[in-house]
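Shared between the two complexes below is subunit A, which has subunit B as its partner in the first and subunit C in the second.
Coming up: the complex of A and B.
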């Protein structure tokens, strides 16, 4: 079963904070602000996959899809599949 | 083999004639595939004949007003960019490809910075997408031509329709003192970001010599296939992955860097689908691909690749081993992992490792770093061995020079100097064409390394250049940008590279002192402002940004800021402690 929005948001907040070493606020831009670079987006995806026990296939994704917590929740809900 | 030093001078007309013949002879063979998101499964294909016809048509449609215009191309990854580069060369103009921004930069800051940069370049024209052309028109001292792509609006969505000229004082273009040589084909940028962009003039002789010698070393032929995600504004993307296959009638498949970063297995998929034989990658990409190995659901066979060439960053043994281990079951063999030492100043390659043989290594403990100040340099070499970049191409000479200016013996470290017919003779910059001072034809590269048994081992940069994912970033550029941030103590900014062992590359770090009394909250706001500004002007995110109290930055005993010691303090206190 896929995690709900609340769980995704919590995981996203933790993962982004882990990567940036600072608390992440609602609406805070991650990629367009330079807080997370392109390569780190994949680190973020890997952390989300581990925390949520899902796989996030990267086809058709762009770094902008992970630019803030709302976008991360929407992206994960759109593309995530349960981990095998 | 040709005797060392002998080479043929080739004119622009001769080069173009041979290129045309080559393209015409590949009437029905597909030479170029361009993958465009979101149609990742259906690359746009061009046969040799189509390439020639479309490229010439594109260039002709630009209605350039005079002969041999220097044309800046500011376009995203697209078939049109590949066609324009080729078409302008064939039509006798001089294209120069600028880096297209990632779609996440701050549009206003990016455009203002762009105008500043472009005003420093004595070009005759800029070709870019319609909205950007409208925004920039009137701000530049030369005409801007608008070129609509099939999906221009996708690329332009981050640019609001807002003329830059309303906000910016128009700068006066420096008078052009001289022109590039008559046999100039195109320009390629060597780096530099904030108005200090320097373009290298590539002539027909330089390019032909490079393609011939590198082709011989790789036994390159029309039967080869190249798979690339490297952008055309990078020498590896432009020369190795575009001009090389064009010249030999081989096929290349070109992905956008953005698509590859988020979906690295795309490259493997296309290698497998089109049986690519050669793949050039910067060192970090080997680590990056290895770490995404488990994400590659389908077992793409990589057996067709005869050379995976690690280039543009110092080769790390760890990255090579990770890649070999991760993909051994897909057909990657140790003897197919190759390396190359290259730079835009020599068009591209200086060395190439030996095909079919595993890369040689030398234990760090065996090395003699020579005498003098070079031993003080901070090289974060994370491996216990140095990896060979191969031997010099035919017609290319390498010598290692010590701090005393004398050539070093075998296995002694010093600065790498190079001499080759592909070597540039000057930069095309703010003052027109400026001849570069070469001593007896030798170019001091600013790289540090040694030779052993004829093979070159590159350790790092003598100059403070940060290499992030194969891109050169000058710390001085970053410092100049950050110095403009309100609230930062002017002149008290230091930028540097921090080793990223996970991806086998460097990350960009910036330390800046706060003006006045230090407050945590204000420091964090300033850090955010710095990150945003660096990303929108340099195009690379600074992974580490720290705003610190006054007197945090380390000065030398002479009272000058010490980049090395500041970096060491930063790594010790703010990176290693995490």
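Coming up: the complex of A and C.
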């Protein structure tokens, strides 16, 4: 079963803060502001997979799908599958 | 018809007035006709090429959206067709020349040279590939054929970008927004600043740079000339391409359309990755979204595949710029800079104390500028021998003497200064503008701005060289 939006948002906020070493606010742009690059987005995906116990197939994604917390929640809900 | 010509400015003024005077339902047809005329002004013979590109991506896009089971195959067919067209027009001589060098049995390839080069093909081919991938990923729905044709032909960005995504430009091409005064002011700001960047700075530097990099120039330059040539070309290509981009963005803005930014003061970058986040941003974004990210997603960013892909992808970026080994080497050099920085970064994560030292950060800033300047020497040189001569003069064989008049050195230093203060000037200008918006009518908008436009146009008329060419229009 997939986690709910609140859990995804909490995991995304923690993962992004871990990568950037600074607290992440609501609505803060991550990729388009240059705070994280495309490589960090891959690390973010790996962190989200571990925290949420899901798999996120990145082939159909683009870095801007992870540009803020709302987008991350929407993207995870759209593509994530429960980890086997 | 180049953007930096009087004829273009006069025709643009007429097109903008007619565009806003027409009822909304006629604007699309009018802009399409203007775009077609603009593209045809570069040569009637290749007007069919963007139509073919639009036709191919229209048909394949519909298949991708309508046949999810075979979408992947259709996508690859579309990408292969577009790349085949690009290779046929742009890389045939390069490939044939290298194959002939490897195997003399290939026979005569002179017939290949009879096919010329449709201007802007590298830019709209990349936009087309991006469009197909976006359809595959469900980010855009296939539009009507006429919408797609207008997307590819839209003249402000057909020649040299910015490389736009269908989802950011196509919705704007309904031209349904009502006229607003800021379209006019912002459009003219960008257009005239772009003209000054191109005609007053890039073209003037170009005359010296052309002399310094000319293949026939005998001997090795002195150390000071080597450095000044590298810096002058770095500034020339920046002001040339940023000037073109400002004119493209300004032209689109006069029609009420917003194009994405392409430059954010690249020589203020503190690291090689930051340079690529500021230089030709729409190409970097394309490479990131459609090439680098999917490749590394498979490997989860593991170091070895990451480093190989960085060098490989940047070599392709070099090849995209032109069919020549100097461009491939230029891209490979930038790939190596990115790899070196990644290695440093992963080392820095272990020893964050050292990596956060101010001296380390400033060291990277200086190293980045030197590395970028060296790569520009390779990019600009017609042969590796010439590049080697300039680079060895810069680093290995210190020599005295000057081959240019004082004007070259002074002008290059002024251009460096302008590059340094450009962000400050733009910020101050925007602050004045915001303050002026609060008072109506404001002296800034009524007096200062028109005077600045007049000064820009006078400088353009004074420095205009009818035979100049935008560097990136050759790519």
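Assume the second predicted complex is superposed on the first by the 84 of 84 C-alpha atoms of A that agree within 3 Å, B and C clash if a C-alpha of one lies under 4 Å from a C-alpha of the other, contacts with A are read in each partner's own complex, and residues count from 1 in each chain.
We adopt the following convention: a residue touches a chain if its C-beta (ideal position, glycine included) is under 8 Å from a C-beta of that chain, and two chains touch if they have at least 3 such contacts.
Because the structure is a prediction, the values reported are computed rather than measured.
K.L.:
Answer with first, second, both or neither: which of subunit B and subunit C does A:67 touch in the superposed model?
P.N.:
After superposition on chain A, A:67 lies in contact with subunit B alone.
K.L.:
Figure out whether A:27 sits in contact with subunit B (first) or subunit C (second), or with both, or with neither.
P.N.:
Once the two structures are laid over each other on A, A:27 reaches no partner at all.
K.L.:
A:58 contacts which: subunit B (first), subunit C (second), both, neither?
P.N.:
It touches subunit B and subunit C both.
K.L.:
Who contacts more of subunit A, subunit B or subunit C?
P.N.:
B
K.L.:
Quick one: is A:36 in contact with subunit B, with subunit C, with both, or with neither? Answer first, second, both or neither.
P.N.:
First partner only.
K.L.:
Can you list the residues of subunit A that meet both subunit B and subunit C?
P.N.:
Residues 34, 37-39, 41-42, 58-64 of subunit A touch both subunit B and subunit C.
K.L.:
Where on subunit B is subunit A touching in the complex?
P.N.:
Result: residues 37-38, 40, 102-106, 258, 261-265, 284, 288, 291-292, 295, 297, 469, 503, 507, 524, 528, 531-532, 534-535, 540-543, 578 of subunit B touch subunit A.
K.L.:
Under the definition above, what is the set of subunit A residues touching subunit B in their complex?
P.N.:
Touching subunit B from subunit A are residues 21-22, 31-42, 55, 57-64, 67.
K.L.:
Can you check the complex and tell me which residues of subunit C touch subunit A?
P.N.:
Result: residues 136-139, 273-274, 277, 288-289, 292-294, 296-298, 300-301, 306, 342 of subunit C touch subunit A.
K.L.:
Under the touch definition given earlier, write down the residues of subunit A that touch subunit C in their complex.
P.N.:
Counting only subunit A, the residues touching subunit C are 34, 37-39, 41-43, 45-46, 58-64.
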